[in-house]
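I'd like to ask some things about the structure below.
Letters A, B and C name the chains as they come in the text, with residue numbers starting at 1 for each one.
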Amino acid sequence: MSRPSTLSRRGFLGLGGGVGVAAALGAAGCGGPGSDKPDAATASTALAAAPSIGTAPVTMKAYFETGFPMPKALTDEFTRQYPNVKWDIREDQFAVITQNAPRVLADDPPDLMRLPQVSELVKNGLLKNLDGYAQAFGWDKWPASQLEQLRVGPGGRPRGEGSLYAMGLNFSMTGIFYNKKLAAQIGMTAPPATLDELDDLLAKAKRAGITPIVQFNGGATGGFAFPLQNLMASYGPPGPINDWIFQKPGASIDTPANLKATEHLDRWIKAGYFDKDANAMDYAKMMSKFIAGGCLLMFNGDWESGTLDKQMPGNAGFFLMPPAERGGKRAAMSAPLTVGISAKAKNADYAAFFLNWVASNQRAREIAVDVGGSHPMGPPDAYMPPVKEGSVTAATLAAGAQIAQDNGAMDFIANATGSIYAKSWTPQLQKLFAGQQDPKALLKAVQSDYESQVGS
Amino acid sequence: MIVTRREAWTGQLLLVLLMAVTVIPFVSLFVTALHPSGTYPPGLDWPTHPRWSNFADAFRAAHMDELLISSALIVLGVVPVSLLIGTMAGFAIGHLRMAGRRLVFLAFVLGLTLPFEGIITPLYYQIRDMGLLNTRWAIILPLIGLFMPFSVFWMRAHFINMPEELSEGARIDGANVWQLFWRIHVPLAMPALSSLAILLFLWTWNQFLLAIVLVDDPAKRTMAGALGAFQGQWGTDIPLLCAGSLLILAPTLVIFLIFQRRFVSALLQGSLKG
Amino acid sequence: MARPTLDTAADPATARLALTTVRPPRRFARRGRRRGGRWTGWLFAAPALAAYAIFVLRPLFLTIEYSLYRWDGIGPSTWVGLDNYIKVFTDPDLFGTILNAFKLIVFFSAIPVLLGLAIAATIRRIATSRLALVARTVLFLPQVIPLVAAGITWSWLLASTGLINQLLSYVRLNGVTRAWLGDFATALPAVGMIGAWVLLGLCTLLLLAGMSKIDPALYEAARIDGAGPVREFFSITMPSLRQEIGVCITVTVVAALASFDIVYVSTQGGPGNTTMVPGLEIYYQAFSERQVGVASALAVVLMALVLACVLPIQWLAREEQR
């Protein structure tokens, strides 16, 4: 009887073979895909004068991170002050923004984009060189440490020096938030001064039946990087950590101090100090759990100070991670809330003007502190809005001053390369929490991923 | 058919159980959507104060009106054209018995089980080079191409069954090929065409991968693609996400319920014949 | 969505007609005006062929071409030959995605087909009752909604405070509750369950439709001979359902191998790499990691795998086509 299946099979193999031959011929014949000339990092253009907003109506395209009200509050205020400027804002979660950054900047460029990490983007020439604006607006007169993390050398590494490729909407500070009521319950009268005191605190909380730490570690963003980096800074100086993040040649994350830190984190995990759902918890869930009052501590940053002051007024406190030794220097992750201007942005001048406005306009600075909770960028004598006594915002701002004094500002280990967070830190930390990875192997794995990503 | 009481009962119980398993997730979505925004309600838990306003909020946040129009435009772009050229090709292969039809048919059959992820990467660069990125054409044109294998296959299966005498008679009366096609065969192919239309409509409306890779603006995507964007933006607010998901599902469900018999028979035939 | 298969002859009449088309039509003159078939045929098929060639065949060739290079999508590319393919088969993360896809086949395929067979066999006798007609509509709902919606719905149900855990605690199984999609051991099975939910209704209805084509006299005869329901099932029902079972398996296997929507929306491949599937990895490699060559190699491997799985199933299912 008819066997069309045999016909199909023979036809398939024939067709498959034909396709293969054609492809091989095609590949051998012509050159590969892509342009022949590599895109160099964009050179800076000197500006005659600082750009200004005209009166012509313009629509700015922005791509921000969802769940953070500050950028939207700033753009709303900007439109209030300059009614001819409208905003078309797209929001996405942190992990999605990181994934989409190369593609969106190249093919559908926004004027302003929240960027978790800029090294690879600069290497591929996707970001606008802001040196011209820095000169015109006077940003290069600000304290150098504010813009340091936004500078990238030629070719995309190292960071920390070179031309300016991004700006910050404010300057954040991280540490440990605590629930004041629960702290009083277990007898915490003052923030712990050493790592041992912190360990005691966690043990006391566990015995009292309170979840000691709630920390997100789920999905594509492993939030355990926060406590890990804090522990690293407790055990060793922040300098080598920053070198690794900035891709300085020869830098390594696999150091004895960092190993001690990772082992300490592992002890916390094994002692059950973390909320047991950590590997499935995303950032918003962690926030909601902390605000609901079920746990004592949360490792987070002052971008939430405003939210915490509103939702847990008077009940949220903040302290910096204590050092291992009494009286040691303190260090904390402290970075600008990075936004960049696409190299192909249509309204680059207006975007730069907006960035300058955020740092200099009084109302904008108020929004940065009230809604954003963090310190605005700019010269040290710029206007600072008054902050309520005893609010967590006051605590985080004060901590910022101490870090500046101790010279302990670090960038985030998640920002070392474009994909170190999603592809390396997150899976490794998730495995550590699940008991499937040990501290030594974790650091080795991350270092080897780092080397292959940086070398490419 | 001898049907014992007990058999009938077990059968009915199983059916009810199966239907419950199918429907409960939707019920859970609905109940969760009524909770205050930003909370994490446990399981199936009717809220003390149902927030019907969540649906209105989700409607506005998702710009549902734009989404509906966008999806409708994409469907209007894809389905009629696919139906027409797919039927023409099926006619040529199945009834006109064009020369080389076996090779052409095999070429189409090759694409029947092609996963879209297999070609999405070059498709992206191709669309970008055409300057169509971030427009609705970025979804419409590739979908037309991707639906050709199944459409041609489906319509050929119909045309192969059409007797020669029909066309002989028309030719004797002096009809040219186009008139033969349009006046005689297409009306006869209506059942097959309408089933195909339903399948293509469903696959276009629910298209996700092309929408999120080739189009950034949710207002220019399909409903499924827009749901992806909605989840990206509001995914951390569970009640709002549930409300938005239900709203985005609603048009498909409504159309399905209206045309249910056609849908069900089309989907069943589509799997069997395809 | 229902993925089509390669079945061309559903019944003997069509098969016979198919035979006639195999004979070359040399009866007509080359430039015969009678049929005008040659060139008019090509004119009719041209638009479809054009659309197909431009948007499917050309990208297909390009995928194969890209897989032989190392390219980041923006700058120049370098020839690396088969390096990308070696990477796909040796890198544990990349090869792991293929293993995950096969593991998903167990859930997407085995559960819907086996369960569907059992359920269809049980409800066969009441297949024309009113309840069954309502059930036809309801059981199709998962096929009608976008897979993304299924993913979102089930992510919520499988959360640590979701309905599944609530039900488990009702039956005093509190110890088992957990965040199913966040646990290393249960994430992939949980994703598999989502797929099984989407495909169960389709398989049940397909098999039921196939069963209703079986001559009831066979069952009467078996009943009279004293055969129980199990004997009936294995001797009468299963053999006649060869084609339908083949279709179910094909549709579900392709759904498992090419899965993207559900995983993207529920776990994004995590935790770790436990739910990463080839479709999603291709997306990440191409658009996030800027490794177009590796992505294309994985894409070629995926397409080959799909063919390798579908062709034998089709051949087996139609072996005894009468």
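In the analysis below, a residue touches a chain if its C-beta (ideal position, glycine included) is under 8 Å from a C-beta of that chain, and two chains touch if they have at least 3 such contacts.
All of these numbers come straight from a predicted model, not from anything done at the bench.
Contacts between chains leave no pair untouched here, as each chain touches all the others. Looking at B-C and A-B side by side, the one with more C-beta contacts is B-C.
Centroids built from CA atoms put chain B at 39 Å from chain A.
With centres taken as mean Cα positions, chain C sits 16 Å from chain B. Residue positions of chain B touching 2 or more other chains, listed in rising order: 40, 107, 109, 125.
Contact of a single residue of chain C with at least two other chains is seen at positions 6, 8, 18, 60, 62, 66, 73, 159, 287, 292, 307.
Among the residues of chain A, those touching two or more other chains are numbered 8, 12, 33.
Interface residues of chain B facing chain C in the complex, by the touch rule stated above, are 1-3, 7-8, 10-12, 14-16, 18-19, 21-26, 28-29, 32, 40-44, 84-86, 88-89, 91-94, 96-99, 101, 104, 107-109, 111-126, 141-142, 144-146, 148-154, 157, 160-161, 171, 176-177, 181, 199, 202-203, 205-206, 208-209, 213, 223-224, 227-228, 231, 238, 241-242, 245, 248-249, 252-253, 256-257, 260, 263-264, 267-268, 270-274. Every residue of chain C that touches chain B in the complex is listed here, in rising order: 1-8, 10, 13-14, 17-18, 21, 25, 34-38, 40-45, 47-49, 51-60, 62-63, 66, 73, 119, 122-126, 129, 131-132, 134-150, 152-154, 156-157, 159, 161-163, 165-167, 197, 200-202, 204-206, 209, 216, 219-220, 223, 229, 243-244, 247-248, 250-251, 254, 257-258, 260-261, 264-265, 278-279, 282-283, 286-287, 292, 295-296, 299-300, 302-303, 306-307, 310. Touching chain A in their complex are the following residues of chain B: 38-40, 102, 106-107, 109-110, 125, 128, 133-134, 216-217, 229, 232-237. Within the complex formed with chain B, the chain A residues making contact are 7-8, 11-12, 15, 33, 66-67, 90-93, 96, 104, 107-108, 282-285, 288.
Residues of chain A that touch chain C in their complex: 1-2, 4-5, 8-9, 12, 16, 19-20, 22-23, 26-27, 31-39, 95, 98-100, 102-103, 106, 120, 124-125, 218-220, 277, 279-281, 419, 422-423, 426-427, 430-431, 434, 436.
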